[in-house]
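We just call them A, B, C and D in the order they show up, numbering each chain from 1.
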Amino acid sequence: MGKKKIGIYSFSGCSGEQLVILECGAELFNLCDLTEIKSFPMAQSNNEYTLLDIGLLEGSITTERQKRELKEIRSHAKILVAMGICACFGGIQSMKLGEGGWKKRFQKVYGDEDKLFKTMKPLESKPCNAFVKIDYYIPGCPIDKKQFLHSITHVLNGSSPYLYQFSVCTECKWKENDCLLLRGLPCLGPLTRGGCGAACLCYNIPCVGCWGPAEVLNVPSEYRLLIEKGYTTEEIQRKFRKFGGAPMVECLKKIMKQSNYSATKAPRLKGGI
Amino acid sequence: MKRIFIKSLARVEGHGGITVKIDGKKVKDVKVQIYEGPRLIEKLVVGKSPEDVLNIVPRICGICTLSHRYAALKGLEKALNIEVPLRTRLTRDLMLIGEIIQSHSLHIFFLSLPDFLGYSSAMDMVDNYGEEVKRGLAMKGFGYRLMEIISARIIHGENPILGGFGAHPSQKVLVEIKESAEKLVSDAEKIVELFASFDYPSYVEYDTTFMALNPPDGKYGFVSNSILISTDEERSVEEYKEVIQERVVPYSFAKRSRYNGEPFTVGAIARINLLGERLSGKAGDYYKKLYSKRWLRNPFFNNLAQAIEVLYCLETIPKLVDKIMGLEEPVVKKPFKDAGTGTGAVEAPRGTLYHYYSMKDGLITDCDIATPTAQNLDDIERCLRTAVGNLLSKGIEDDLELKLEMIARAYDPCISCSAHLVKVETSNNSD
Amino acid sequence: MNKSNEENPFVPEPARIVRKYDLSDDVRFFQIRFVDMEKALSMRYLPGQFMMLSIAGAGEAPFSISSTPSRPGLLEFCVREVGEVTRALFRLKENSIVGIRGPYGNGFPLDKIKGNNLIIVVGGLGAAPLRSLLLYALDNRDNFGNVYLLHGARTPSDMLFKEEFLELKERDDLQCLLSVDKDPTGDWPCYVAKVTKLFKYVKNVNVAKTYAAVCGPPVMYKFVIEKLVKLGIPKHQILMTLERRMKCGIGKCGHCVVGHTYTCIDGPVFTYWDVTNMRELI
Amino acid sequence: MRVLWMKKEDLREFLESSKQFGELWGPVQKGEVYVYDKIDDFSRLILEPKRTLLPVKKLIHPPEFNILRYEGETYKTELENIPRRVVYGVPPCDIHGLLILDDLFRRYYPDPYYITRRERTAILGVSFCTPTEGCLCKSMGTDVVQEGFDLFFSDLKDFYLVWVGSSLGDDMVKVRPDLFNNNITRKHLDKFMECKKERDEKFTKSIDMTVIPDIMELSYDSPVWEEIGERCLECGACTMVCPTCNCYNVVDEPSISGFTGERRRYWDCCIFTEYSLVAGGDNFRATRADRLKLWYTHKLKSFGYSGKPACVGCGRCIDTCPVDINVLSVVRGLLGGKEKEGKS
């Protein structure tokens, strides 16, 4: 059996994932030894679209060109892994997804779109799974080194990665932090996937939700709680959407449809993961 | 007509390409293209609270996340008249230094060094240049450690907030940082010497203007409220829009920057050219030993400038840490204003970064971000044009692509950053 | 082996896959033997007990022992491919080493069953633990009264141990009733019916002296138990083996708990009486 | 049990001397809460009895650790680096928590990880804490403790009564016999009674455990479960902080080459959806209400091999759940009161 072929591809985002991978030190060199890296734009020249065992994706899809590239990568790759919340959920640039007015925002920055973009039609930002099937997800903004190594190791060995499915609160308790929600701060810990090691909470910073929505979560309950603590609907929506990407937009839509959101049953939010 | 097309620039942050059109021995056109998709960050923050802004804008770029955060903090704090205690300011400077060490080591070792040693990536260099790679990793790791300690994470840490920090770094970790920095100085010297040993080609040379922030008290540094220009002009950061004259050029419909109608350079090379005299210690010694007039004309010296800056940073850390430890931990004060405008600027690793905000009723009404790479783009194009012209006139046509890529990389462009402003330009067959 | 392993029930012992073959599309049969021969021959267990099978890198999972303690030396398992551990196990070739620890669980109460009639009702993968009981009863035939095997599968190709059980039909000391829900090929030699329909062939048994053992998919229990209760078998003589998520197999990790009962320690064999008392059992 | 008394001001000196039995750990302040931490700097140690955010179980059954290392198919137990510790400041409720975990981890198949840590950790208990609002130890009968510690310090304002609970505790005393006094007099007894009375009067909340286990049985179909299921954020915090929650998950962490790796254990929680999921997607406790019912069955009705209620009344769930689901609010709900109510 030859070496497994790996390719890292990057769409719209901040390249945070590639930077985390570059920070894997000795493990990165082990990975290079064990595999053939066909694409890693941040680290090497000669990047190709070619047959792959594992394709690793970073960033969300914001142009027709990226959409085509993504589909091409899918057609070449046995396994596709979305890394980072841009690729997994759409990232911050998807926070207004479905709200309308995207064209207007676009024109404000770039002028009249049709004249400008002939071959590379821009799109409203969407996660990778809006266009192709994704096999595994590594959430985080940016991803965590340990979770990346865990995942890539399992995928290389032909098994599935197993990342925490619980929310940030669990890790926050492991680190023995005082609950900020109880102090009245708008912490998104209960809605956010664990795996960051409760990084912000250890610094008294309320969770902003950058690991994306948890596998199973109770949005109405936290919504209600924050209303009780005196936050306005607008503030809460803004906070929930910041890193919630496509799945949170859907979830909030559902909640807001009910005139009395507090009676809404907690939706099971799968987020495609 | 011949067309050189570098579809995708590798070993830079983000997605870009270069197109050069050549007619016989003449350069017809040079374009740096940005494929990075639009994220509309400046519009996303409109209607958000300042706290939200601080979560969002650092995500523009994974490398210079803290520079964005710092510039945004300065802009917002000015807008809201928030007074920032000295200890907080010094700790922020320390964190920015971490980012500069990290970003420079990444560029020097992983993005640039393979070019000079003839490899396609740093991973391939391990067998023959293990020491260098190890040194690079250690240096980058140290930069990240510093960022992590102060900002809460290696990338996109949320600890720096309006007016202060969620938690200040403890004495224990500060001491740890100081000791590690002292140990790494000799490594940094080796890096400077390595980059001093390369022959930088002269076909890129031309005259340009440099711009950098001018730290107070005649010191070297990365934070200030005034812009120094190599024409001996000095302006306040509030006037940045006039100084860097963002404009739309007809062929690319993209915002580009010029100073008095001419391209200019920002970044480590600009800082050394403008402020190098102020360096002291070992960094100062190397500056005196290595600096020449060629630095004013040749962007390849940016690599060496970055190496000297890494040395400067390591030498500065112990002093900064001592100062910080001598001060009381301040408490964060809540702003009492909810409207205003403010511009913040810091020297990001790649050059001056401006953030402008205007606020009403506690929410952002307007935002403008000018990133170093956007400011450099015109200059990169001009440099590429100069180089292709010089090479063609000497009849050198092999490896043109590589040579051009090396030039673009020398500027250490960060395309994610520039992409929220720069319009995509594609020639028809490029897609 | 290092010293600290000695008293550690979490350390798997190396065992070799001696033989394997497919029982159906997604169920595979494994014969496994401890590498340590002494251990292989001395291990005692009861039908209905299970072992934790461990594949380094993939994890651990519980599997019922399918072989009978009356034929020592080899341990047999039938395993359905559903997730990480089972997928990794399916990739292994004969002669590969896996880790096993156990046996765990209460197993079937043989001393109580002995001397009584025995009705074994199997659905699908329920064959795994019940084959052990069946083979044990056949090997110790004199200790039991009438023995019935009621085995249902969706189609003939889903029936586990089909050949083995078809051969058993030849025996006159066992009522072997095999049925499939559907018979697409049309050459199934036995019944085409739901397993519950087979109860009409269970006649003239002294219910007070009869034990029933049931294992199958969760949906099956309700209907089968109804039949058994109707036959008149006392609730505490209806035995069933249950499945729960398990991470340790020895009452520490908590996953298999029902009320304050640990499926891995107090079970996996429960009586129908237990079930009526603990609402979450099935 | 041997009982001695000690002067208040001698405690520090004694703890200093006990360092020869292992690293000294004890409560320190972290923001607005207390946590057990290694004591290098004595000024950080909180001497008065305080409840910490995580109970002492975090040192005996840590949130995450490796149980085995493997190389190929050879497994090696990871027990070597467990340090000896002396933990000061453990309140009675936490010790009762340990006693419940002791039974669970020691019976049937003794768990070497728990047992080794337990054996290498000297427990120095303290009372009397000033009861916080949520403290329920009096209701649960866990305000006094007879076993499970090595030494126990009853803080009687002017002096400590020191109960020697094990031979290790005895050894610790023997290092500085000069600090202890054998002579217990009427005066000590009176003071003990006085402090106890004073403390007992400070409890503001109670649960009648003579009826609650039966009420739990009778409330299987109560709508209360649905209600709290709707509210629960499934965050797991209550489980992490409860001294008698022991559940854990196990995952393998292979190294990148795949040949070597670790088997890791970390705290799990029965309120998570995934907790009871089995192959084929069947979930025996599919709704949050079902799962919360299990949690409260364990705390208020029956748990572990002994089948007794496992709540030791530490009040942590009361101070932890962001949406006010805890033993008090659940009991209030089951008894027909308005279940959601302010904390006062």
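Heads up, the rule we're going with is that a residue touches a chain if its C-beta (ideal position, glycine included) is under 8 Å from a C-beta of that chain, and two chains touch if they have at least 3 such contacts.
This one's a predicted model, so the numbers in the text were calculated from it and none came from an experiment.
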* Asked: Which chains does subunit A share as contact partners with subunit D?
  -> C
* Measuring centre to centre, with centres taken as mean CA positions, what chain is farthest from subunit B? -> C
* Quick check: more C-beta contact pairs in A-B or C-D? -> A-B
* **Centre-of-Cα separation between subunit B and subunit A, whole angstrom** => 26
* Could you please state the distance in Å, as a whole number, between where the Cα atoms of subunit B are centred and where those of subunit D are centred? => 51
* Asked: If you average the CA atoms of subunit C and of subunit D, how far apart do the two points sit, in angstrom?
  -> 39
* Asked: Taking each chain's centre as its mean C-alpha position, how far apart are subunit A and subunit C in Å?
  -> 43
* Taking each residue of subunit D in turn, which ones touch at least two of the other chains? -> 251, 254, 258
* Shared interface positions of subunit C, touching two or more other chains -> 57-58
* To do: Find every residue in subunit A that makes contact with two or more other chains and list them.
  => 157, 162, 204
* Structure fact -> Those chain pairs meeting the touch criterion are A-B, A-C, A-D, C-D
* Structure fact -> Interface with subunit C, subunit D side, in the complex: residues 67-68, 70, 72-77, 79-80, 104-105, 107-112, 220, 246-252, 254, 258, 261, 263, 268, 270, 275-280, 282, 284-285, 290, 294, 297-298, 301-305, 307
* Asked: Which of the residues in subunit C come into contact with subunit D in the complex?
  -> 2, 4-5, 7-12, 14, 54, 56-60, 80, 82-83, 97-99, 217-218, 243-245, 247-248, 250-255, 257-260, 262, 265, 279-280
* Asked: If you look only at subunit A, which of its residues touch subunit C in the complex?
  -> 157-160, 162
* Mind listing the subunit D positions that touch subunit A in their complex? => 30-33, 35, 52-54, 58, 63-64, 230-237, 240-241, 251, 253-258, 267, 269, 272-274, 288, 319-320, 322-323
* Which subunit A residues qualify as touching subunit D in the complex? -> 27, 30-31, 34, 149-150, 152-154, 156-157, 162, 165-167, 169-170, 172-174, 176-179, 181-183, 189-191, 204, 215-218, 220-222, 225, 265-266
